[in-house]
Each structure stands twice: as C-alpha cells, then as structure tokens.
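Look for chain A in each of the two complexes below; its partner is chain B in the first and chain C in the second.
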Partner chain A sequence: MAEILRSALHDAAGGRLQIEEIPGLHYVSLRGDPAAPAVAGAVTDVLKIALPLRPNTLAASETAKVFWLGPEEWLLVSLSQSAAEIVSGLRLSLGGLHSAVTDVTSGCTTIRLRGAGSRDVLAKGCTLDLHPRAFGDGQCAQTLLAKAPVLIEALPATQDCQLIVRRSYADYLWHWLHDASRWAQ
Partner chain B sequence: MLLIPCPWCGPRAESEFACGGEAGIVRPGAPDAVSDAEWADYLFMRTNHRGLHREQWWHAHGCRRWFIVRRDTVTCRIDGVEKMGSAGAAP
Partner chain C sequence: MTQPARLRHGGRINRDRPVAFTFNGRQYLGCEGDTLASALLANGVHMVARSWKYHRPRGIVGAGAEEPNAIVQLGEGSRTVPNARATQVEIHEGLIARSVNCWPGLEFDLLSLNGLFSRLLPAGFYYKTFMWPKSFWRHYEHFIRKAAGLGEAPTERDPDYYEKFNAHCDVLVAGAGPAGLTAALAAARSGARVIIADEQSEPGGSLLHARESIDGLPAVSWLRRTLAELAAIPDVRVLARSTVFGYHDHNFLAIAERLTDHLAEDRRRGPRERIWRVRAKQVILATGACERPLVFTNNDRPGVMLASAISIYTRRYAVRTGNNAVIFTNNDSAYATVLDLLDAGVRVAAVVDAREQPRGPHLEAARQRGINLMAGSAIVDVRGRRRVQAAVVASLGADANGLRGNDTTVVDCDLIGVSGGHSPVVHLYAQSGGRPLFDEGLAAFVPGPAVQTQRSVGGCRGSFALADCLREGYEAGTAAARETGHDAAATLPPGPGTLERHDYTLRPLWRVPDPPGHARGARQFLDLQNDVSASDVLLAAREGYHSVEHVKRYTALGFGTDQGKLGNINGLAILAQALGQDIAATGTTTFRPNYTPVTFGAIAGRDLGDLFEPIRLTALHAWHVEHGAEFENVGQWKRPWYYPKPGESMHEAVRRECHAARNAVAMMDASTLGKIDIQGPDAAEFLNRVYTNNWHTLKVGQCRYGLMLREDGMVMDDGVTSRLGENHFYMTTTTGGAARVYAWLERWLQTEWPELKVYLTSVTDHWATIAVVGPRSREVMKGVCGDIDFGAASFPFMSFRDGTVAEVAARVARISFSGELAYEVSVPADYARHVWKALMAAGAPHGITPYGTEAMHVLRAEKGYIIVGQDTDGSLTPQDLGMEWIVSKTKDFIGRRSFARADTARPDRKQLVGLQSADPALVLPEGGQIVDRPQWTAPVQTTGHVTSSYFSDALGRPIALAVLQSGRSRIGQTIYVTLGDGRVAPATITHPVFLDREGKRQHG
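Now for the complex of A and B:
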C-alpha cells in the first residue's frame, strides 16, 4: 500500500470526509493509434490490463490503472512497477511503431477523498454531474476543479473519488478542498 | 454558459474549452503567388456571421482535441459537432 503524504479529516454535510495525498505512484503517458493492435498489446504485455477505448473510462488491475485521456492518449498509473520499467517495457513492445511513451511521474500527484460527503465537496468547484448514477464505477473525467485541471476517478461502490493533479496545483487544491469541506457543514 | 457536446467526452461546460474562431479557413496553397490583399484576407478577415456558424473549439481541459461546432450566433443554440477530418468537416 502506498504511503500517505498528508491527511485531514472533516465533518462535511454528507458525513465524515477524509482527504489524503498519496505520493510515490508511478505515472506514464502513452500516445498511439488505438487502431494499431501493438498499442493495446503493449499495455497488456506490461501491465496486464486491456486498453480502455471508451471515452471517460479506465481499466484497472490490483496494482495499476489505465485512464482514457483522449482518442489516442492514455495515462498509466502503477503502484508497484517503476515508471522506468513501464517505459522501457512499452517501448520494447511497441517496437518502431509511431507512438510516444513519457514518464510524467515528477509532474503528478494523487489526492483521495473518502466518505459520504466526497462528491458534494467536489461539486462545489466542478461543473460535472458527479452523482454515482451519472459518474459510476470505472468512470473517470478530465475537467476543472476550482479552475485547476484535474483527472477525477470514481472509486467503486462508494461516494469516494480520487484526483490526479499536477504537482504544482496540489497545494492550492489541498487548501481549496479544506475550505470547501468546512463550508459544507 | 454554453454546454458544448465534445464528440469524444460528451456534454461539458464552456469553461473547459477554448474557441478557435471560424472553421474552414483555407491557407493559400502557394503563399509566394498570392497578393498581399489575398494573404491579409486569409490571415485576418472573418465573416462574423449572423445565424448558423461553423467554428473551431478546443477541449483544452478535457481530451485536448480540436473539433467543429455548428452554433447559431444569435441564439447560441448548438446545432451539432463534427470531428476534424470527418465527412463534412472542412480543414
């Protein structure tokens, strides 16, 4: 299990809300033509995950996740394998295919919201419908949260959500989340 | 605020997008051969159309793809969207 960089507990409107920043995950950006079997093949080879082709969805294993970011762009996040391993594995598998594999670990961090009030707090700064009937298991979305670009992931069978944000926005969002939680009382 | 249906991500708030102006502006094939007036027309002159207008939008904070929106400039009603390079989408 990943370590926690910082953690805070709030009594938000919908119930208790735990906010945690999780450092130390490994992030790799992949770009390529989804019509080329080698692209999905490389992801299956390295992470044992089927490449998600539907917009706003992700696919996951016990130790890694693959997020759809665009029609030819994905974000790979791993708990266990290092980004360097993933990058070299993907490049080996892709061979000479026109594609781009980039280690973006140093630019990203993850903030997790747990508790019944999670989506109510996010809704204060986000234009998406985050109700579980509209944003459920296996769904993700790139959008703006309080004007900062984020990738939101709906965590299965709960109100919980996870945000992948640029490291340079993390402090700002951390403070914004505190404030939004406070005023949810 | 406009609710813009991205051809990939679905309906999203206007704040996620950037507008790239009129669609279908074609760069002169041989820049050396056109007059200054023709070049200026390509660079600067836009129709500023009243009514149904085809314009380029960029889903800057979503899938980061450019696409074309058909929007009525009087009512702001969006008639439809096209992916770049699809049938009916001019360059």
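Now for the complex of A and C:
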C-alpha cells in the first residue's frame, strides 16, 4: 500500500523542543461563496464544524479542523473521516451550487512543534508576529517559513504550533527546522 | 600585576581574572571586562597604528564606535575579522590582534616616508596623480592597495553559525544609556512589549562611568536595580553587544547581536552572531552623543584622546591613561574628566579652555580641587612624535579665528584630553528619513521632526545633562507605550529622581588658529583614519568644491570604517567657514546604513548551501536516489537527470535511455509539472480566454495542448489540459512556471473577469505523474491496469481514462512529449512509489528503463517540441515558433491584440528552426551565437542563437534547435555558430522536426 512521506518523532534539542510529523491526516480544499448558506451548511453537515468566516482563523472539533485561507477558500483537515468521504459528503450537500471540492491529501503534511522555544524557532524564518498576544488561539496564517509556503496554526494555551506544508517542500522545511532548532531553548 | 597603567581600585574589570592576549605579536595581560583598547592602555600602549596616507604614528582616541585609529585584524585563518575597533573588542583568553595599517611593522614603518612627502599627497591626490596616464592605474593601484592596508577578508570558508530572528515589539529602544533605560523602563511598566538594544558589552552607556548619583544611589547601583526590574517584566528583551545598525521604512530596524566573539574559542557555543529584524510600532532612539575632537596642529599624536574616553578608561576600566595631563575644552563636560583624573591620582598640568569666562558645575567642582585654568586659550601645537610630550598653548583672539599675539606657553604632558563639544548620534534618525537640523546653541546637528513613529531622547537629541536624559527617556517611553495602547505606567510614580540641571555653555571652535609660522590647516587632522586635515578641506573649497558631498569624495573625509563619526562635523564647519556660509546651509553628508560594519556571515545567516533555496522533491525522490540517479535543478525541484549504470558516462546513459523510449519502453517521473484543478460553469470560457486555441469544442475525456501568452503576445507557458467533466478541467503547466501561472490565472479571475464562475485549486503536490513511453508502453499498461481498454481506437491519442493501476485509483492520459506511443499515469502522491514499482515490475520483461530530464530533452527536441524558457525567452510569438496552427482567428484571448502590431508581423523576426552541424561529431553549444559568415571581426551582428542541442540516438547524429532571423525562409542555407573560443562551426538550417514529422508513432 501507500508509503507515506515520513513519520518521525524528531527530538531536536535535548528533549526541550519536539518537532514531529503528524502523518495520515486527510486534507480537502473547499472553494465557494461564503454568502451561500449551503457552503457553511455543507461543512456543518459533514464535519460538524461552523465554517470560519473571519480571515486567518480556524474552527475545530475533536477530529477535524477548518482553516480560512481566503474569502472563498478553506482547507478542511480531518483525523478520522477519509478525504473521499468528505469530498462526496460535501458535494452531495452542496448539490449544484457553484463550488470546488478537491482532495489534496497527498499534497499536504502537518508538522508539529512542541516546547517553549517553538515560536522562537519559527521566528527565525517567519516575518509574522507569532507572539501569543498577536497570534493566539484559533488563529492561522499563510506565510513563508524560510522560503517554503506554510499554513501556521497557533495551538491553544502554549507556544506550540502546527505547520501545514506542501509535500514537495516538506523535506526542505524539515531540514530547515532541524537547523533552526539546533540551539533552541 | 604586569599592567603598569592599571589603577589599584575601581572600574568594572575583574582583577582576579587575568586574560592573556597577543597584540602585534607581543603577549600582554589584561583583565576580564577589558576591551582590547583598555587592556593595551593598561599596559601603557598608546601607539597602535600608522595612519593611512602619511603613516604617522597614531594612538587610541576614543572608547567606542567612533574610534578611527585602533583598527585591528582579529584572529587568524577562517575566523579572522578585519577592521575591528579595538575599543569595541572585548578581550578573551587567546585573542590575537594586529594593527591593520602598518607595513612592514608598527615600530619601523617604511611608508612613514610618505609623511615627508605629504605635499605630494594633497586632497584629490588620486585624481591628480594616479589617473594619468590611464594605463598606469593598475601599477598605482597595486601600490595604493598595499599602502592602504585596512584589513584582510578571510579566504577560507566561514565555519561559524549565524542566524536571523524576526521580532516584533511595541517599543524598540536603541541604546541603553540613561535615556534609553528610562524609556524602556517606562514602556515596560506600561505593559508594552519592549526590546532595548545596546552595542556595548553591558547596558548602561555613560552610567558605567558617571560621577552622578540617581535616586540617591551611585549611577552603577541604580543601573543594576533598573536592569533587575526590566528583567523581571515579561515581554521585555534586553540585548547587549547588539548594534542597531539600520533603520528602514515602516519602522523596520536591523540589529546585529554578537554572541560569542567575546569568549575564548573553546568556550563558544551556539550562533556567533544574530541579526534581529525588528518591526516596531514605536521607536525610541537613545544613541547618545559622540564627543567632538578639537582641530589643532599635530592633534593626531598618540596621547591625544577624547576627554570622555579618558573618563571611561579611568572609571570603567581602571586605567591610568597618562601621568601628566592637559585638558583642552570649549565646554564644561571635560571638567568631569579633570575630576576623574584627579580622583585617580593623575596630575592635571593645565586646563585649556577656549571660553573667555568658563563656567559650569563640573568646573566649579574642579576649581575647588585646585586647577591651572588657562581661559580663553587653545592648544595650537603638540610636541612629541610617538607620544605627546608637551602642549603649546596660546591665547585666542576675540573671534577665535586668530591668536592674541604670538606668545605661546609650552606645557609638558603625556596626555591631552580634548572636548570640542558633542555631536548627537543622529545616524539612525537620519536613516529613518529625517533631516538633522543645526542647533546654534549646541553647535551641533540635532534631530528634526520625526518622519516615522519615532522619538529621539537624551544625548542623541542634544540633551547632554543626565537629569534631562533620564526625564526625556521616561516621558518618551510612557508616551510611546500609550500610543500602542499600554498606559499602565501612568499610575505609577514617575521615574528616577531629578538631578540639578545646568545650561550647556560652549564656545564653538571648529579650527584652532595655526601656530605662528605654520601653513594654514596643515597637520590639523579631521579624519584620522583617512588622514584628512583642515588644509585638505580648505584646498577643496579653493578648488571649487562647495557641496559637502563632493568635498567628502574629493578629500576622503568620512570614508573608512568609522564613517567620519569624529571628524565630519568639524570638517563641514570648516568648509562652511571657508565658503563664508553658515553650517546649516552647508548641511551634512548622508548618514547611510550600516551604522557600524556588519559581517557578511551575519547577513547571509543560514541562507547557505542546501538551505539557500528550497529543494523540492517528488514523492519518488527516494527511489531515484536508490537507483543511482544524477539530479538536475529545475526551478526549485530536484529532477532525475539520468540514471547512469556503473561505469557509464552521461552520454552513454542518455543514449541508452533514449534508445529504450524509441525502441521498447521507458518511464519518467513527471510529477513536477504544475497542476491546476479548474471547476465552474465558466471553466471552458476561462480556458478559451487564457489559451490561444478553442476549448469549447473539447469533449469530456479528451486532452488538448494549450499555449499561454502574455498580453504582449509572447509565449509564457504551455501544457496539456484535460476535460474531466462538463465544468471541470485539469491543467498542467511547465515545472518552472507553475506558481507564476497559478497567480496569473487568479489575477485574471479576480481583477479582470470577476463575472466568470471559476474556482482554481493547486494540486501540483497532490498528484504524482509517471510517463510510460515507447512502443511497448501499451503492453506495460495492460499489465498493471485491467479496467481500461487500451485499444488504439478505443483509447485514442489525446484522451484520458480513469481506472485502477496497481490497485490504486488512477487517471491515465494518452499524451506524449516524446512523439512515441505514451501514457501518463497520475495517482495521489502517497501511492506514487507503489505504482512506480508496479510499473517497473510490469515493464521488466519489456526492458523498461527509467529516464531522466536529459533524455526527455533529446526525445522532445527530435520532435521539435519547444521547452518554454529554454527555446523561448519571452520575445517569441507562437508564429515565431511555427505554431500558427494553435492560434485561433475566431475568438479573443490574452495576447491576441498584439498580433495586430507591425512588429509581430515583421518577416525578419527570429523563428524556430533546426540546425544540422556539418561536423557529425560536434554537438553545437547551447547559447552559441549565430553569424552569417565564417569570417568576422567584433563587433558583429548576430542573427540568432542555439537554444537546444543534443546528440540524437535515433538519428545517430547531433541535432539542434535555434531561433534565427527569417529562419524559416532560410532552410537549407548554411550559418555559423560561434564556439566561444574564436572559432565557428558551420551548420545547415533545417526544419525543426527531425523525426516522424507525420506523428505516426504517437498515434500507433
């Protein structure tokens, strides 16, 4: 069967900062008109999550997250439901409404940084303000980390963060993170 | 203790921690906490350099970034640092330093003969002497480079780790002297996020040597308490050894933090330097002021120092800078130095004050101690060569431009402390876009109105009294924090207690009159590092240089590592006097980043080697590595270039791969192609507008090649798009063009055609694509896929089918970039390796051969298929490429209008053609320019160039594609390709399709 990109628990700095890939998640891109009730309705139907409409925010349940990426664009990430189920569920719920539901599972992976130094490591390659005062719970941002496009998510109540990165950049980003955390606290 | 000039008590050095270091090959001992300059002075070493032009002996002048003379080369080998200021270098065990400006040595310097010939080296001597005859410049330059010295860059690879850090804050404070500290304190107490950076080894600035008390505490005790309070407040960062070196737009500032250079090499851990890229809502500049030297004859002799530097060495570093001092000042501040010297037991032979009636609090305190005050006087000359021996003092005339009579008094001394007033360090303010204004009362440039959300406080604003610094800092910190929404401090008691204030009285004295019988301004040095004297500026003015920027370049005033931090203001004041205009009208030269030099290592950071640019990998990369592929960079991607077998050359491997594709079967990882999913009721119309051909006629299940143009009608991208459903298409783009095309399409949708109902989704990374190519490819596909009918008629060329390949849901398209029967298998990338291996296994009986981009290039070139960006360069139309067939005449599309331009219809445009080299063994060089005649002399008009060139296995000879003026009408003619070494190679112009022009093979 399929071989996933990598599954490693990488302990970069003596146990203080942990960087790990979270493999096996399912990713679906959704494009549609936020003003159309069917769009939010479809997401609620399938994932039981209210569609986030505020820029750069996400909504989450125990098993899934929905990231706002643009005025008409969201990324749905699921732990339990397969992309095929989500795609067919959304399409069924959306009916004939002009929209685009696209499985992008193989194109994405998630990297989690845990530890007090997590955001400092990201600050070495990211120009956004990642301080909890400016980038708190429920916020996400699409930006460049070093030279890789990433979606950064602030994990609640910690310095921890998650990155969603395109598959082809994952190896580069992994090495960059390893390098940037070499001296991390 | 072997440090003869070390004071017994006081200072912030650790006498229990001796540190051994080497200067100019000699071992010395200093103390922990010393700078190289303070340690040398503690060892009685004043003379540390020879000057740039005249090679005059030079000593330590300052105690900070302004130091012009004590410029040293640190360390050896890969870690050597050129042009460090000894005043800013902290000593550590094993430090090796040497003067940069003395050849062959400091003590015996051949080039000091220059001093005797100084008349031959006036301002502008470069221009006057060395520019003629022109051809001699390289000889002169060799001499000048050697004579000029000034450090050597390391030639070995830098072994250290440098990093960058992006930071954000409400308030950034530059400088942690009294004003900066109270600013940071107020902002921090208010609840703002604060960064305060200071370039010295410890925060404190002038507090580290101040005589005053604050809140009833000695200055250093107050400093300790303040730093402790700052450390306890969250979201406050205090950066020491950190220079704010650049202030850019949008309150973006750059800080260089030096992390390990102060440690012995075996104690260094972690990054050597860190560049902070700070975006601050509010900036407070508290960079202090720089004491100005006074300009008098032989003012460059070792032992002539800034008065404030003497205080710093005395009080902070516990160094006795001399035994018998003369202080020369035009303001009160130098009397603090008098007191410091007296406290340290140094004799003060005289205080020469330019003011007729000197006054001030420090003076009054000094008077109590009994001093020989020579008011209304000036030092007009200095005796002694390698060390000051005496000061020659004369009475100043009423207007200070001349002397009162010819009487002089000689005062023996070994140290002269000078204070010509203070120049606020307005560099960062000026970098922020502000224009410094001249303040007549202070005789100094001070910041004008703020241009960004910025405040200047303390010395850099022209407030030189400690009480003013503390108060201004606290007020500015409070106000800046309030503007960022933090005003918690408003309820707290005001900051540090107040001190007695006093006026700053100063008698401007830009150039001391020449001693009797001396030439005007000779050896009255302004810029010690560049050996620019007052006479040079006066000469420049006489020769017609009136702009301060021109005078700077003519005289070299303010060049060099110190950027004229000491001498510039004196120089422009002298220029103003010479021109008979006021200083404000003369203006300053431009203060540019960087404030002090920043190492290349720090600027590069981690953007090096494999991290310099992202390396994008396909899902099959590991397989390619395991199977010995050589890789080439395509955009950011690593693509297999060819797969050599043991002992095989590239040429042999590529021939073998091509042979398999043409005669059996071969396969390639095509996953790097850009892939865009296009959905919506207007998707076909959208494609119709962005491609040159018609898309409404494409049936579901079919594929079509498209050519995308820019508005100017030039080819920008190409690729095959499949119609997955009535409203659903799947576009592929070139590998390198993917991101650009995606952004281009979104731009047109969002800004020009918002009425179109189309959604785009990038699926480049989701899909892996494997090309299976060759006459046996059908058999291979049948072996891995049972639910697609691969019959030639039922699954024709340029169509696709959904099916199951090796148990994975896949899309199989019958498209070809080689001209062979071929299939492209697309599966989600997670399954790529599995499917690839299944195809390899199914193809094994047929001799399936993995091939790389080089073979792909050969195969497509044999067919005359272009690669956008290789055969095109943004200046070619479809017609130029012989692709009129793809350009619709019945609909509109981006770029169409440009075909009505006369220029795109010119018959002599460059056109795509084939070339056949006359030499059957010669693969013409790609990029080779084409000339029409075998003999030519430069300059020659070239008529085109070779765009692609390979050895064709199928044809058994080299082939090439070229773009050539009027190329298509010249088929059969001979042209000549330049080989880059003066020779040319004849070649015949041919049709660009070399193989199977009818396309039989791909339709088979």
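Going forward, the second predicted complex is superposed on the first by the 167 of 185 C-alpha atoms of A that agree within 3 Å, B and C clash if a C-alpha of one lies under 4 Å from a C-alpha of the other, contacts with A are read in each partner's own complex, and residues count from 1 in each chain.
Everything below uses one rule, namely that a residue touches a chain if its C-beta (ideal position, glycine included) is under 8 Å from a C-beta of that chain, and two chains touch if they have at least 3 such contacts.
Here the structure is a predicted model, which means the values were calculated and not measured.
Colleague: For A:141 in the superposed arrangement: first (chain B), second (chain C), both or neither?
Modeller: first
Colleague: Identify the partner contact of A:163: answer first if only chain B is touched, second if only chain C is, both if each is, neither if none is.
Modeller: Neither partner.
Colleague: Does chain B (first) or chain C (second) touch A:123, or do both, or does neither?
Modeller: A:123 sits against chain C, while chain B stays out of touch.
Colleague: Report for A:42: first if it touches chain B alone, second if chain C alone, otherwise both or neither.
Modeller: Neither: A:42 stays clear of chain B and chain C.
Colleague: Looking at the overlay, what does A:177 touch: chain B (first), chain C (second), both, or neither?
Modeller: In the superposed model, A:177 contacts neither chain B nor chain C.
Colleague: In the superposed arrangement, which partner chain does A:55 touch: chain B (first), chain C (second), both, or neither?
Modeller: A:55 contacts chain B only, not chain C.
Colleague: Please indicate which partner A:76 is in contact with in the superposed arrangement: first for chain B, second for chain C, both, or neither.
Modeller: Once the two structures are laid over each other on A, A:76 reaches no partner at all.
Colleague: Of the two partners chain B and chain C, which one touches more residues belonging to chain A?
Modeller: Of chain B and chain C, the partner in contact with more residues of chain A is C.
Colleague: Can A:154 be said to touch chain B (first), chain C (second), both, or neither?
Modeller: neither
Colleague: Can you pull the chain A residues that chain B and chain C both touch?
Modeller: 127-128
Colleague: Which chain A residues qualify as touching chain B in the complex?
Modeller: Listed in rising order, the residues of chain A that touch chain B are 55-56, 69-71, 73, 127-128, 141-144, 149.
Colleague: Can you name the residues of chain A that touch chain C in the complex?
Modeller: Contact set of chain A toward chain C: 1-5, 29, 31-32, 72, 98-100, 102-108, 120, 123-129, 131, 133-134, 146-148, 166-169, 171-173, 175-176, 179-180, 182-183.
Colleague: Note which residues of chain C are touching chain A in the complex, please.
Modeller: Going by the criterion above, the answer is residues 161, 163-168, 193, 235, 269-271, 277, 279, 606, 610-611, 613-619, 621, 637, 672, 677, 679-681, 757, 759-768, 808, 828-831, 833-834.
Colleague: Okay, in this complex, where on chain B does chain A touch?
Modeller: Residue positions touching the partner: 8-10, 12-13, 15-16, 61-65.
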